[in-house]
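Chain nomenclature is as follows: A, B, C, D, E and F, assigned in order of appearance, with residue numbering initiated at 1 for each chain independently.
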C-alpha cells in the first residue's frame, strides 16, 4: 500500500477465461479455487440481478474522500471493474450517477466498493451494477491522495490490479489473474458435475446415497433413534 | 442439545391449523401468542413475497459444516420446513440450489437458517423460499457431526421438532406444536377483529377514539399545548 | 426532550419548496446544504421506489411502546411525514397496516422510524412508504407516555417539528424548516449543474479535465508510473 | 415461554457438582459437554476476575421493563444465579446497585442478563458479579408482566430453571441440571488430562508430536516447501 | 448544524450545580430527568474509574479530519468538556496524547467523542479521561472545516454548547444547561431516597414489599404455581 | 492464498529495527508509514498493557478449526508473532492456555487472531499477550487443512510472512519487512518531533499557533462570531 501513485500498466486475464468465470458465477468460481477469495457478505448489490466479471482496476481511497475515483476513471478500459477500498472504515457515498456515466462511457462493467454508494435508482435505470457495503447519500470531499492500481484489501480480500472480479447476487469473488485460466477450467468442470448432480437429485435420489455418505456417517457414530427419549 | 443423533419420529400439528397460521401471517400469529416466539430480525427472506407455514425438522450443525443437511433431507416429509441452527455463530453458505432441489422434490416448503445461503437467484427461479441471516457464497465442509430433530435455538428462539414455523416478509415466528390449534383459533379471531378496525380507521375514525384512549392518556398526565414555549 | 406533552401548532415550510426538494431527491438536497442533515444509513425503505418530501410531525416514543403513535395521528395534516424516535435503541415493530390506514386517510405521505416496522407487504400494496431501521413483527405495548412535536434525534439527526423530510432509495435527509426555501433554490441550481456535467461526461470528457483537477493533483505529489516495480 | 407466571419450585443440581463445575471453568466445562451450551460472546463480565457457578432462576422480561426482576428476587436461594432474557432485543439498564443489594443479601452469586446493566463501579465494589450484553444507565419501567422460572433463551442458549450456570472471564456456559453430575465428572477428567498436556508442552514437546498429528496431516495432503515460489 | 463557524461565547451552568451532578453520577442524573439524555452505550471510557461533569464545548468534525479540534482547544476554559461529533460515522483516532496535553493545561476535564481515540495508555498515565466509540490508532487529516460551539448530535443525543455533560463508568448523559439547577436538585433528592432504599434492602426487605408491588402484580394477573406442569 | 502448504523459510527484519518499532508503538509507527497498515479496531488486547513487536508467522485457518495452529507452532522462532486469519468470519476460541504454553516455550512474543481466544485469565497470569476479535470459550475441531506462512488478510490488512507486527493498547499495525528499517527510522524521528511538540503544548502554546494554522483556516473561510444568532 502506497499513497500518491498511479500505475498505468496492469496485467489482464484473457477475455475468454473471464467470460467463463462470469457464466459460472460466484458460488461455483469460489468452490473451484478451494473456497477462497470471497469478499465479506456485507458487500451487496445495490440492485439485484446483475452478473459480471472483469479485470480489477484498484483504487485506494482515504475515508470520505473520492478524489482518486476521478483519477481512476482514466485508467479503465472496456471490460474492467473498479475496486475501491478505503484506508479506514467508511460508509459514505463515494459514488453516484455522474461517476457511473463516466465509467459506462468507457465500457467499465461494474463498481465494487467497501464503502457507500448513492443514486441507486439512477444506477439501476442506467443498468450500471454496483456492489457496496452501504447505500448512503453522504457526499465526500476531494482533499487527500490515495493510489490507483496498487494492491488493496477490499472487504477482507487482497486484490491485485488485474485480478478477475466475479460478482452476482451471491456476492463478489476475486480470482488472481495468473490463475484465471486454471480456475475457469475448473469452474467449467464443476458446472458439468453440478448439472449431473442436479438431475439425479431432481429425480429424487438422496444426497446421502448420491454422495455415498452413509458409511462414513455411521463410522463417525451417527445414531438413528425413533423418539427423543431414546437419546 | 446432543451431537450425533437423528430422531426419526416427530410430532406434527394438524394440516388445517397450519393452513390457518399461514394465512394469518407472522405479525398476527405472533400477537395471538402473547407477542412471543418471533425470531430475531436478522433473519430475512432471500427473495420477497413468499408466505409459508409448516412443521419444523430441526438441524443442529457445526459452524461451516453442512454435512447434517444431507442427513436431514431424508427425514423431511411434504409440508415440512427445515430449521437450521449452527452451534456457534456462522455466516457461511450452507445451502444452495442442489439441496433446494432435493427438498423441493420431497415437498418441503422452505428453509430457515441462522447462517448463510447462496444461489439466491436460482432459488427464486425455482420458487423455493429461504429465510437466512446472510447471503454468502462461502462453501462449507462435511467433517463433523451435528444432529437432526433435537431441540435447537434458532435466531433467539427455541424450536422443538414438529413446532409450526410461520414465515413471510415480516420475519419468522415459532408456534409450539401442542399449541397450534389454540393459536390458530386466536389468530382467526384476531384477523376478524383487525378487519373491523381497518374498516373503522379507513373511514377516518381516530385510533384515539376507536380504542378509547383519551381518558387513560389524560389520567397519565398527557398535556396538550399550542406552542413549544408553553411546555 | 420532554415527556408527556403534545404540541399542537408547528411551523411548516411552503408547499412549493417542499415540492422542489422532493424532486431534487436526497443526494442533491444533502449536498445543497453543505453535506449535512443525512440520517444514518441503517434507515432503509421497507419497499423500493418511493420518493417523498413533507413536514415532520415528530414523536418521541419509549422503547417497545407505540402508544404515542396513536396520539400523533391526530396531529397530522395532509402533506406531513411522521418521524418517530425511541428514547433508547429498539427494533420492535411499532407500526403496521392499521396505523398506515389512519395516516393515509389523513394524507400523510410517509413514516420515518428509527425502530422496526411490520406488515411490509400490505404497506407496499397500499402504497404507503416507510423508512425504518428494521423489519420486525415484534408487537409493542401501550403503557408509557412519550411526546408529540418536541425536538427529537432520529437516526443521528436532530429533527424539529415542521422540518422538511426528504426520503428516497438513497436514504433520508432533514432540512430545517427555516432553510427550506434557501435549500430548495440551491438544490435547483445543483440539478441544473449536474445536468450539464452529466452531458459532458456522457460525451466522454474525463472528470479530471471537466473539473480541472490535473494541476492540483500534481501539486499534491501524485505520480504516474508504468509498472508497480517503479514505485 | 408463557407470560404472567411464577414457578416456585425448581430442581437444583447437587452443590458438590456445582462446585466442581465452578472450579473447572467455562472453557473446560463447555468442552466436557461436546462443545455445546456456550452463550454468545456478546455477554461479557462488567468487571473482570469473577468465577461462579450456581442454579439458574430464570426471568423472562419485556423490553425496557424490569418489573419481573423484583418478583424474581423472592424466588432466589443462596447459591442461585439470576438469568434474565428480554422478549425482544434490548440494551437498557435493567439492573443496578439496589437490586444487587437484594440479591447479595439472599446469597445469590451472580446475574446473567442479555440486556444492559448499570452502577458497574458499585457492583465491583460490592463484589457482585454480572455478565451482560451492554453497560447502560438507561432506566426501565414497571408496566408489563413477564415470567419467572419458565424456560428462556438467553444469548443464544436455552436455559431451563435449575440448570447450572458457569461463568468466568471466558463467558457463560449452561449445563442442563440433569447432566450436572456427568459433566462435572467429565470436567474433572479433562482438567487432569490438560494438566498432563500442559506439563509436556511446557517441556518443549510439540503438539504435532504429543497429539500424534503428523501422519494424519500428511495423509490429508499437507506439504512442506522451503520457499513461497515452490508452492 | 453549520460549517465553518466558531461561536466564542457560550452559556455555562453554575459550578455548584455541576458539582452536584458529578457526584450524583450518570445513572442517577439520567433518572432525575425522566430517563432522557443518555448517549448510546457504544460510548465507553477508554480507561475505567473516572467520574466527571463539565460544560460542553461542542465540535462538529468531518469524518477522518481532526483540524477543528485544534480550533476548539482555544475556546475551552477550566471545567469544560470537549464533545466531538463527526458529520458521518467514523471510528478513526482523532485524539491522542498531544491534544490531551493541550486540554489538560487549560483545565479541561474530559473528552467525549463519537469516533476513535488513541494513545490510551498515555491518557491513563496522564489521568485525562476520554469516552469514545472506538480505540483506534488510525490518524486523521487536517483539510476540511467543521464548526465549534454549534448544536451537534453526539451518540444519539442532541448537545447544545454549554450543556452539562456527566460521565462515568456507566456512560455519558447530557443535561441542558438551563435545567442544570433543577436536575441537580432532583438528583440530590434521588440520592437520599436511594440511600434509604439501599438500607432497607440490605436489611433483607424485599422490593416487592418495600415498593408495595404485590397488589398491582396480582391485579395484572400474575399467577404463582408450584410446578411447571401447572402452567 | 493456498491451502495445504507450509512454507518453512521466511524473511525476518533486523532485530534492532523491530526493537525501535516496538518502542515507538502502534500510533507512531502507523503515522510513520503514511497512516497505512492498521488492523481494524475490532482487534483488541485480551488483557491490557502489553507492548510487542515481532516477525509474523502467518496461519490461514478454516472457520472453527484450529488444526493448523499446531502445525504453525513448529515454524516459530524466538521473537516471532503468530498471525491467524480464518478463511471466513468466525469468533470461536481457537487459542488458549495450552497453545500459549507451547508458544511461550519457543520464545514467541504474542498472538494476533481475527477470531476468538479463551483462557484469558490464564494468559494474563502467564504474561502471554493476545490481540483478538472476540473472547470466546467455543472450542474448535481439527479436520480441515489451511496453510502456514502464506500471505493472509487479517482484520483488513494484508500480511506477508515475516512482516513486522507492532501491537499495544491502541491496536495492531503491520510493517512490510522490506520497509522495516525505513519505518523504524521515520518512527524515531517522529518520536523526537512529538517530544518537542509535547513540551511546547505542555507550556500552554496553542496548537493553532504551534502548527501555524490560523491563516490557512481563515483562508478556508473559518469565521468567529460571539453568539449563535450571529451565524
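Note that in this section a contact is a pair of C-beta atoms (placed from the backbone, for glycine too) under 8 Å apart; a residue touches a chain by one contact, two chains touch by 3 or more.
Predicted model only: the values in this text are computed from it and were never measured.
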Joint neighbours of chain D and chain A, given as chain labels: B, C, E, F
Can we say the copies chain E and chain F touch using the same residue numbers, with more than half in common, or are the two sides different? different
Considering chain A as a copy of chain E, what rotation angle in degrees (nearest 5) results from a C-alpha superposition of the former onto the latter? 180
Could you give the separation in Å between the centres of chain C and chain F, each centre being the mean of its C-alpha atoms? 39
From the C-alpha centre of chain B to that of chain C, how far is it in Å? 30
Mean-CA-position distance for chain E and chain C (Å): 27
In chain A, which residues are in touch with two or more of the other chains? 2, 35, 38, 87-89, 91, 136, 138
Chain contact graph, described as a line, ring, star, complete graph or other shape: other
Chains touch in the following pairs A-B, A-C, A-E, A-F, B-C, B-D, B-F, C-D, C-E, D-E, D-F, E-F
Footprint of chain F on chain E - complex, ascending: 2, 4-9, 67, 70-71, 73-74, 91, 93, 96-99, 101-102, 105-106, 116, 118-121, 134-139, 142, 145, 149-150, 161
Given the complex with chain B, which residues does chain D contribute to the contact? 1-3, 34-38, 40, 87-89, 151, 153, 156-158
If we count contacts the way the header does, which residues on chain B are in touch with chain F in the complex? 62-65, 88-92, 136, 138, 141, 143-144
Per the touch rule, the chain B residues reaching chain C in their complex are 26-27, 30-31, 35, 38, 41, 44, 48-49, 168-171, 173, 194, 197-198, 201-204, 206-208, 211, 213, 217, 220-228, 230-231
